[in-house]
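First chain A sits with chain B, and in the next complex the same chain sits with chain C.
And now, the complex of A and B:
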C-alpha cells in the first residue's frame, strides 16, 4: 500500500517527536538538571535585584526570563545543532535518503522539544515563583496562550532555519551555539525589560521571536508590565505572526539550498572536521 | 627525566587543546567569539543594574558586581574545561583510550589541556575588565592594585578550581551525559553562594553559613581586595556594616584558608579521580560512548 505524501510526512513528524517526548522522560536525572540549572541563574539575578532594593516585578521578570531560557537553549542545541550532531554520529545520511521532507523531521523535533521544554520551563517558573514569592496576575488568558503559541512557532521556525546552517558546520557548531547564548540573553532582555536597550537595539533584537514574546508575556503576567513594555500587545502579536511566516518560508528555502550545497561540496557526511 | 616527560606532555596537550579550541575558525572570528561572549554575559548584569539605578556606576557595588562576574569566568570555564577533556576525548573524538595507553602521565595531559582553557579564559577576563574600566568606569586603578595579594590569590585560586575540576573529571568517567549538568550545577552553586555578583549577606542565614565554607567565597573576596581595594573599603563604609560578610577577615587568613582548602581538595580530588578511574577500567567505561 502506498501512503500519500501527507501521511508519510505526518508519520515522520510523529516518529521524530516521539523520542523527544518519551525519550527525555525516561531519564529523570536530565529533567532534574534541566529544571534545576536555570534556577541558579534565576536565584543569583533575583538576589542582585533584591540587594539593590529593586521593585518586585523585576524579580518576577528574572523568574519568567529564566524559565524561557529553556526554550532558547532547546532551539539552539536540540533544533539548530541537531543536524550537526546527527552528522557526527552518522545519522544524517539516513535522514537524507528517507522519502520525506526535511521540514517534517524538524517539525517533529520542534513539537516534541516544545512539549518537554514547556514542562521543564513551567517547573522552573513555579519553583522560582514560590522561592521568590512572585505573584502573577493573568488578566487575559486567551491572549497569553496566543502570544505563547505564536512565539513558539516563530522561535522553532527560526530553529529550523538555523538547522540548515548547522548541517554544514563542523566544529564551529559548538562554538556558534555558545556564541548565541549570552548575547541573545542580553539582546532579548531575558532578565530585564528590553526597552532599556534603547529603541534601535530593541527593534533589531525583535527579529529574535523570543524578544517580542517575552516583552508580551511580561505585560500579561504582571500588572505593571505595560509600563516596562517595548511595544503594545496587539502589535507584538502581529509582528510575531509575521515572523512565523517569514521563518517558515526561509527555513524551507534555506534547507533546500544548504542540502544542495552540502552534497555539492561533500560535507554532509564529513565528521570531526 | 620523569619531570621533563611530564612537561613535554603538558606542552603537547596544551598545543592540542589550542588547536581544538581555535582552529575551527580564522583568528579574527575566534577573537570576536572570545570577546563577544564574556562581554555580553557581563552586560546583562550592567543593564539590570542600570534599570534599577538609572545609570549611576559610581556606586562601589557596581564595581563589586562587575569584577565578580568577570572573575567567575574562571570558575565556570576552568571547571567545565577540565571535565570536558574527558567527555570530549571519550565520547566525541573517541581518543581517550589511545591517550590512556600512551606512555604519559595522564594528570600532566589533563593539566596541559586545562592550561589552554585557563589562558583563553584569562584573555576573556582581561578584555572584560578593560572594557569595564574604560567604558563603564569600574574602580580598578593599577597604582592601587595589591600585586602580591593578587599573585597569591591567582595561584591558590586556580589551583583550587583545577583540583575541583579533577574530581568532577573523575565523576565524568562514570556518567553518561550528566557531566555537563553536574559541572553547571557545581558552578551554579558557587555563582549563588560565593558572593560572585552580590554580597553573601544578601543570602538567608543558613545559606551564609554554607558560603563561609566554600573556598571560592574567599578567593573572590581576596581577588577583589587585590584589584579594587578602595571600592571594597568604600562598600562597607557606605553601608556602615560588614556588607561583604568577610570584612573582619584578614588577607593572611584568606590566603591560609585558600591554601588549606586547595590541599584538602587536592587530596580528595585525587582520591575521587583514582577511584573513578579504577571503576571505569573495571567496567570498561574508558572507551564508552553514549552518543553524547
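And now, the complex of A and C:
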C-alpha cells in the first residue's frame, strides 16, 4: 500500500463521516429533535417579543438563533461528548489503535455532523421564517458563506478540543454537556444581540465561536443588524479565523496529551474491554 | 529473527482513583515473554489474571508501569505510531461499530481508518464474509445480528486490514461450537497462507488452547507460570497415567499388580459378561507392554483398553491451584 499519509487520512475522514450522513437518513426521529424542537423555544421568545411590541427584526434574530442551536447541540453532544459514547461501546480503542490521526476521525464526525445539521438548521430557518413572517435581506452572499464556513470550522474545532477531555470522562460527561448547553444560549446571544450583554461579557463569550458567528450572521441577514452589531464584519471574520487556528492547535495537543494520560492511567478503555 | 512480541520484566500497576479508596492492583508482574513471528500463541489464565492488560499494552492502549514491551521490534512506549501500522485487535463480546450501518458498511468504515482503497476493501469484505459464512448478512443492520454473527464480523474487522500481528482477546467467548470452529479454522488457514504473521490470543477454553495454539503461556496473578507447547506442558506435570482394561477369562488377576511402574492396581469381576475389569495407575508407562503380554499369556482376550493422559486442564489446576470453569 503506497498511498501517502494525506490520502489515507482523507479516507479515514470519509469513513467516519459516512455513518453520520446515512444515520441522519435512517433515523428520522433525529429530524424531530433537530428541526422541530428548536422551533418551540423560538416560538416562546417570538411570542414574548410580539407581546412587547418589539421590532420585527428581533423575532428574526430569534429564528436565526434557533436554527443555529442545532449546530451548538451537534458540537456539544455529537462531537465533544461523542468520545464518551464511543468509549462505552468500544469504538474509541479501535480509533486509538488505527494508524491515522485522531483529528481525521474527529474531522469525519464534524463533516458528517455539519452536513446533516445544516439540512436541519436550514429547515428550522425556513419554517421559522414562514411562521413568523420574517424577511431576510442578504446583500453580501459571499461574506455570508465565508462567515458561516469559518464559524463552523472554529466551532467544530472547539468541539474537537472538548472531545479530548471527554475521552477520559466517566459519567460526569453528562453534567459537563448540560452545563454547557443553557448558559451558552445566554452568553452567545442566541436569541438577542450579544452586544447588550456589555462589552466585557460579550468579549468573553466571543471565545465560543458561535457568538461572533451569530453576530455576523445577524448583520448579514438583516438590515438592522449593523445597529445591533457587537463588532464589524471584517473584524469578526478575522477573529473567527484566529479561533479556527487556535482551536485546531489546541485540539491537536490536547488530544495527544489526553491519549498519553489515558494510556498512563488506564482510562482510555473501559476495564472490561 | 526479530520476535513478533517481546517483553522484559513488564509490569503494570493500577492505582485507585482516590488514594483512600482501595489498594493498587498489580495486573502484570515482571512478565518476560517472547513470541516468534509465525506463531499462534495463547495466553491462558483465570479471570483477573492480567491477560487483557497484557494485550492492551501490546496493542498500544496502555502504558507499562515498568519494564519494556516490543511489538515487531518496536517499543510500545515511544514507537506506538509505527506499531499501529502493523497490528489489529479484536475483543470477544465487542459491540463496536454503529448499529444502524449494515455489516458491509461497518467493515468498510473500519477499513477506511487504515486508509485502504475502497475497491480493495469491498473486495476483501466480500471474500471474508464468504469465508466466515456470513455472506447473506452482508446488508443486514449490525444491530440485528446475533452474538455469533456479530463476533464473526468483529474478527473479520481485525483481519481485513492485513495486520502482521493480530491480538485477539477471547475471540470465541460465548460462541457455539460452529461459530467457534469457523473462527479457529480461519486463524489456522491465515497463518498457513502467511507464515510470518502472528496471532496472539487469550482464552478461557482449555480445548481451544490445546488444539489451536503452537505455544501457551499460563498466566495467573500477573505472572507467567509456564510457557511452552501444549505437549511439553502436559509432560511437565508428573501425572499418573491411568490404564483401564476389560479382559475375558482371566485366571489370575492378582499377579498383574507386581509389574514395574504400577502404583496402584484394582480389579473387579463382571460375572454377567464374564469380564474382568482391570485398572492400573501407572507412575510411568514402562510396564504397559509387560502387563499386556501377561494378560494375553493367560489366554485372555482384551475387549477394551483405555489410557488416560494428563490434559491441559490438569496442568492448569496443578499450576494455578484451581480449575477454570
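Just so it is clear, the second predicted complex is superposed on the first by the 269 of 273 C-alpha atoms of A that agree within 3 Å, B and C clash if a C-alpha of one lies under 4 Å from a C-alpha of the other, contacts with A are read in each partner's own complex, and residues count from 1 in each chain.
We adopt the following convention: a residue touches a chain if its C-beta (ideal position, glycine included) is under 8 Å from a C-beta of that chain, and two chains touch if they have at least 3 such contacts.
Given the structure is predicted, the values throughout are model-derived calculations rather than measurements.
*Asks:* After the overlay on chain A, what do you see for chain B versus chain C, clash or fit?
*Replies:* Superposition result for chain B and chain C: fit.
*Asks:* Tell me which partner A:100 touches in the superposition: chain B (first), chain C (second), both or neither.
*Replies:* In the superposition, A:100 contacts chain C only.
*Asks:* Which holds for A:204: it touches chain B only (first), chain C only (second), both, or neither?
*Replies:* Touch partners of A:204: none, neither chain B nor chain C.
*Asks:* Which holds for A:242: it touches chain B only (first), chain C only (second), both, or neither?
*Replies:* neither
*Asks:* Touch check for A:227: first (chain B), second (chain C), both, or neither?
*Replies:* neither
*Asks:* In the combined three-chain arrangement, what's the angle at chain A toward chain B and chain C (CA centres, steps of 10°)?
*Replies:* Vertex chain A, arms to chain B and chain C: 90 degrees.
*Asks:* On the A-aligned overlay, A:89 touches which partner chain: chain B = first, chain C = second, or both, or neither?
*Replies:* Both: A:89 reaches chain B and chain C.
*Asks:* Is A:11 touching anything from chain B or chain C once the two structures are fitted on A? First, second, both or neither.
*Replies:* So A:11 only meets chain C here.
*Asks:* Which partner chains sit in contact with A:269 here, chain B, chain C, both or neither? Use first/second/both/neither.
*Replies:* A:269 sits against chain C, while chain B stays out of touch.
*Asks:* Contact-wise, after the overlay, does A:19 reach chain B, chain C, both or neither (first, second, both, neither)?
*Replies:* A:19 contacts chain C only, not chain B.
*Asks:* Which value, in Å, gives the least CA distance between chain B and chain C in the superposed three-chain arrangement?
*Replies:* 7
*Asks:* Enumerate the residues of chain A that count as touching chain B in its complex and touching chain C in the other.
*Replies:* The answer is residues 89 of chain A.
*Asks:* Enumerate the contact residues on chain A facing chain B in the complex.
*Replies:* Residues in contact with chain B: 29-30, 32-33, 36-37, 39-41, 43-45, 47-54, 58, 85, 88-89, 170-172, 175, 178-179, 181-183, 185-186, 189-193, 196-197, 272.
*Asks:* Quick one: in the complex, what on chain C touches chain A?
*Replies:* Interface residues on the chain C side: 14-15, 52, 56, 59-63, 81, 84-85, 87-89, 91, 94-98, 100-101, 105, 108-118.
*Asks:* Over in the complex, which chain B residues touch chain A? Could you list them?
*Replies:* Interface residues on chain B, with respect to chain A: 20, 24-25, 33, 36-37, 40-41, 43-45, 47-53, 61, 65, 92-93, 177-178, 181, 184-185, 188-189, 191-192, 196-199, 202-203, 291-292.
*Asks:* Quick check: in the complex, which residue numbers of chain A touch chain C?
*Replies:* 1, 3, 7-9, 11-12, 14-16, 18-19, 22-23, 26-27, 89-91, 93-100, 105, 263-266, 268-269, 273
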